[in-house]
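Scrolling down, you'll hit the structures one after another.
You will see chain A twice below: alongside chain B first, and alongside chain C after that.
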Partner chain A sequence: MKAFAYVNATSERDAVAALKFDGIALPLAGGQDLLARMKDYIDTPERVVNVKNALDRTAAPTSGGGWRIGASMKIVDLLEHADIGKMYPAIIAAATDIGTPQIRHQGTVGGNLNQRPRCWYFRNEEFVCYKKGGSRCFAVNGENQYHAIFGNDGPSHIVHPSSLAVPFVAYGATFRVIGSKGEREVAAAEYFTMPDDELLTHVMLPAPGNVKTGHYEVRYKASHDWPLAFTTVVLAMNGGIVQSGRVVLGAVAPVPWRSKPAEDALAGKPLNEATAAAAAEAAVSEAKPMSGNAYKVPIARTAVKRAILNAAGIKTV
Partner chain B sequence: MIEFVLNGRGRRVRVPPMKRLLDVLREDCSLPGTKEGCGEGECGACSVLLDGRTVCSCLVPVVQVRGARVVTVEGLDRGGRPSALQRAFIDLGAAQCGICTPGMLVTAAELLRHARGRVPSEEEVREALAGNLCRCTGYQKIVDAVRAAARGASRDGAAGTSGARAPGRSRAGTARAKRSRTARTKRSRRRG
Partner chain C sequence: MCLETHGAVCEWDGDQLTAWVTTQGVHQCAQQFAQSLGIPQSNVRVITQYMGGGFGSKFAPDVQGLICARLAKLANAPVKLMLDRKEEHLDTGNRPSAFAQIRAGVTNDGKLTAFDGRSWGTGGAGANANFPLPYLYQFPNRRRVHTDVYINAGQQRAMRAPGHPQGCFLTEILMDELADRVKIDPVEFRIKNAPPKAPNQMWVEYFQQGARQFGWEKRHPTGDPAPGPIKAGMGVSAHLWGGGGRGTQAHVDITSDGAVVVRCGTQDLGTGTRTLVTIVAAETLGLPTSAVKAEIGDTNYPFSPGSGGSTTAASVSPAIRITSIKALDALFARVAPVLGTAPGNLVAESGRIHVKGDPTKGLAWKDACKHLGTEPITVDGQWGEGLSSSGTSGVQFAEVTVDIETGVVRIKRILAMQDCGLIVDKLTAESQVYGGIIAAINFALFEDRLLDRVTGQMVNPNMEWYLLAGMSDIPTIDIVLNNMPERGVIGIGEPPTVSTASAIANAVRNATGATIRSLPLHPHKVLAALEQQKAGGT
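Let's turn to the complex of A and B:
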């Protein structure tokens, strides 16, 4: 590990001030991702700013009937939160499946959302790809079986690693961020393409209203593993008819992937098997797999279909 | 200087802030019981309790345990003698090469403490140990040992782990344990 300066921030303002620095400064939360990257020389910050004690670690109801979740909240505390579980079941479903109990005990919401790609080229010191300031993506002509099947226009072809990001986008969350220009709120869906010079402090969840939600993940192994594809759907209902909905796929694109074709296929339709199948087909109609990952297309289709069936209360395997 | 409570005793170490908790325990605290398997969060061999919950000590920067309570496998015995849980591992052949054993014991101790004298189901034990890999035993003997220790503990009316040196339980902790149980059971059902 390269030498660096360490700052223990105790307030949001402290943290922002410490991160405003000429060289490379990175925030530290649970540390599970940052430590792994620093030890492998993937990142060599000149300053590490501990934000764990500076940021909110609790969840609180908002005046609008929603919830705000502090970035320092542990994943385990989120998944055991009874009220959030009742109002936003897909968040709990996603949190419950992250890694292992150990990872969920130490990982924070802020760290999970801001973790860096798991692409094996990214994680190998020898490969200086786009994401590390280089000029190419090694996955294009290389090993890409776990890479993106949507949003493959480049330059990078990673799949976004955060499980929590997907239900947050599906519930229409906004993220509160602070930086040297002050604080603001951005739509969760936009956050993942923004420059990362601001600190995430809270996830703001609107009141869900009259919705049905479903979540479905596909993995090789029940534990330790990363999903191959997963989907959260949040459907605004009018009786048995879907009025409108958000269909968001994870582990298939460089960002949480909102599927417009699937959402269009759901609008105005009764919530049943035929609708689910049609929406799933629509979702994968825009897939552009790489040389080694076409197998993920039917998996993504299944994840969309089963998430919708899950929302409909129809049992899947 | 980083201060924390290690196996019930105050401890101070002067180490770099991003040093892995695993290395601090083994090198600076002379407690080599905690093992390194993968160093990547993928095996659980390095599991220790941090404020009563298992974490992978290979992924925790030591600075994040400042002021916290850490329990390693060395903290599970009962006054120098094996706990009921450790005894059950020995008696039932739940350890072969032994690399995973400290992590298994620490994780199982957390489960037994949350179970508070109740014997967890086989499914619950497997769910709780989902972050600990074993290349030797095939898991069955480990699951059997954990449940045998729980049965022993429910007979004696005591937890299978060290009372004095294990982290204390608060009322909030109890409520959390209950919720945690519900979360686990729910998860098993979904997977089932």
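Let's turn to the complex of A and C:
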């Protein structure tokens, strides 16, 4: 690891000020991602700003009937939050299998949402790809079995690593961010394509309303591993009929992948096995796998189907 | 894959090198330090008190050990040099790959007739990658041509049961396909074609006994007919190993305070060799294990060979037994006059030395040793024939579930039938079986060195993408150890790791009806095989 200066910020304002630096400064939360990158010489910041003590660690109800979650909240505290669990069960389902107990005890909501790609070319010092200022993506002609099957127009073909991002997008969350230009709120779905020069302080969850939610993850190993594909669905119901829904897939695209075809296939339909199968089929209709990851297409289809069945309360496996 | 990476701490005192190395052979390691550094072997002392796994990859000092020694010399200070995880993946060897094309013949009543195989394997640049094939079963006619393929990638190294898991897998999946061809139950088919029963060939008995215990009668024919995406299946596999003992030397001291110290220049890979030394000496001397101090893992102690090929228990136990008997005889000779009897009439048991058949006529161990005065017992001894042998057999059963919509395999339970001659210590023997099976679950499902096809670089030299089973991936493991005291001690480190992957692969085929002739059983292979099956072929 390269030597760096360390700043322990204690307020949002301090943190923003410390990050405004003539050189590379990076925020440090739980460190599960950043420190590993520094040890592997993937990032060599000159200044590291600890934001854990600067940002909110708690969750609180909002006046609109929703919740706001502080960026410094640990994944384990989110996981064990009874009210959030009741109102937003898919968030808990997504948090449950993140990494290992150690990672969930150390990792934070803000760090989880802002973690960098796990692409093995990106994480390997020897490969200087687009993401590291190079001139190509090694995954295209190389080993891409865990890369994207949607949104594959490039330049990068990573899958977004955050498990929490997917249910946040599905519940229609907004993120509060602060930067040298002040604070603002952005839709979760937009956040992941923005330049990352602002600090995320809160996740704002709207009141869910009359919805049914479902979540399903396909994992190769039972723990200490990344999902092959997963899905959150949040369905606004009118009796037994789906009025409208959000279907968001994870581990399949460079961003949490909202599937319009699947959402269209659900709208106006009864919530049953036939609808789930049709929506799942629709979801993968726009898949564009790479040379070595076509197997992820049926896996993604299964994740969508089972997430919908899960929302319907139908036992899947 | 060793959790403790390769490495050493080296320190010089003048021209004397002391190296604390994570090694499976202290003496062998010292010899290679001496050769490579051009110094007399008597100037090198290698110490290995505890180590975090070697599995065949840790005998020599290697480049990192020699660099460590040279740096220590230059720095004139102790130097510690442990490889990091990436270096460990790139520099310390792999189990060589194996690939085969096989044709085989079988009669309608299930007798194997012929094996005709071509095989390839790569051990990196210029290394041998051969393995036993066909494995275990009796093919009356056989032909096999093997070709080593040299590639510009990290060198092969011995890895727990070198060659056997490869040969076992290629043969055992063939056995299940042949059994299906002639419509015979796989256990029955194997019994028809296994070598006849012998002390080192207990397969037929293990197939029968294991099938009963495992509930094999509940196994459905190939392809789980149950509705729904989760399919269950059972599989079986058999294996063999050699083991056997050789040239260990040992030393025993008994002093007038009753203390017993046993010294042996073997090393404990984490298998429990220290425990074994203590147990054998304590039992021989009629003492509790707490009364015996075992000193091992140091080239200052009597020579013992490297710990490879599951030979350590069979080398060390006889040496300790023989040397401890020698020490006890010497003690009897000194104590007999005090008790007014001949040495041959004495026994040592329950912490006392007494006249055979008359426990009242005797002395507590400590009181007996007081008579040694200023002249302790100090004896050397060595391994001898008759207390160990070679050749073990085992059979394993596996039950799995396969999610045919995702290709994910989960292992439900494993049953291992295994022998290793005389079981010196049940706890450590069973530990070897657990460890072997867990390592083989990695071989079956997870471990895969992925080389970038364009640059040849390994893309997963870390524990994030080089997958290893965690607690939640490990099933219930039942072990039946067959104690065969009449055979003496035989090793058990390697045999239990041979069969597991084959039994799992056969269980996956039994569950899905789809044939996957490749490891690890990654979802992409499972899904591809299911697709192929739907299209009507295997």
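Throughout what follows, the second predicted complex is superposed on the first by the 317 of 317 C-alpha atoms of A that agree within 3 Å, B and C clash if a C-alpha of one lies under 4 Å from a C-alpha of the other, contacts with A are read in each partner's own complex, and residues count from 1 in each chain.
Rule of thumb we're sticking to: a contact is a pair of C-beta atoms (placed from the backbone, for glycine too) under 8 Å apart; a residue touches a chain by one contact, two chains touch by 3 or more.
All values reported here derive from a predicted model rather than from experimental measurement.
Judged by the touch definition given at the top, the superposed model places A:A222 against both chain B and chain C. Applying the stated contact rule after C-alpha superposition, one finds that A:N124 touches chain C and leaves chain B untouched. By the document's definition of touching, of the two partners only chain C reaches A:G142; chain B does not. In the superposition on chain A, A:M1 makes contact with chain B only, not with chain C.
Of the two partner chains placed around the shared chain by superposition, chain B is the only one that A:K52 touches, whereas chain C remains out of contact. Contacts of A:Q106 after superposition on the shared chain: chain B is touched, whereas chain C is not.
When both complexes are overlaid on chain A, the residue A:G179 reaches neither chain B nor chain C.
Judged by the touch definition given at the top, the superposed model places A:P206 against neither chain B nor chain C.
Put simply, chain A uses residues 100, 222-224 to touch chain B in one complex and chain C in the other. Put simply, chain A touches chain B in their complex at residues 1, 4, 6, 8, 28, 30-32, 34-36, 38-39, 48, 50, 52, 76, 79-80, 82, 92-93, 96, 99-103, 105-106, 222-224. On chain A, the positions that touch chain C within their shared complex are 100, 118, 120-121, 123-124, 126-127, 138, 141-143, 145-146, 218-225, 228, 292-293, 295, 298-299, 302, 317.
Partner chain A is touched in their complex by these residues of chain B: 16-18, 20, 40-42, 44, 47, 50, 53-56, 59-61, 63-64, 107, 128, 130-131, 133, 176, 179-180, 183, 186-187, 190-191. Residues of chain C touching chain A in their complex: 228-230, 403, 405-408, 410, 446, 450, 452-455, 457, 459-462, 464-465, 467, 469-473, 522-524, 527-528.
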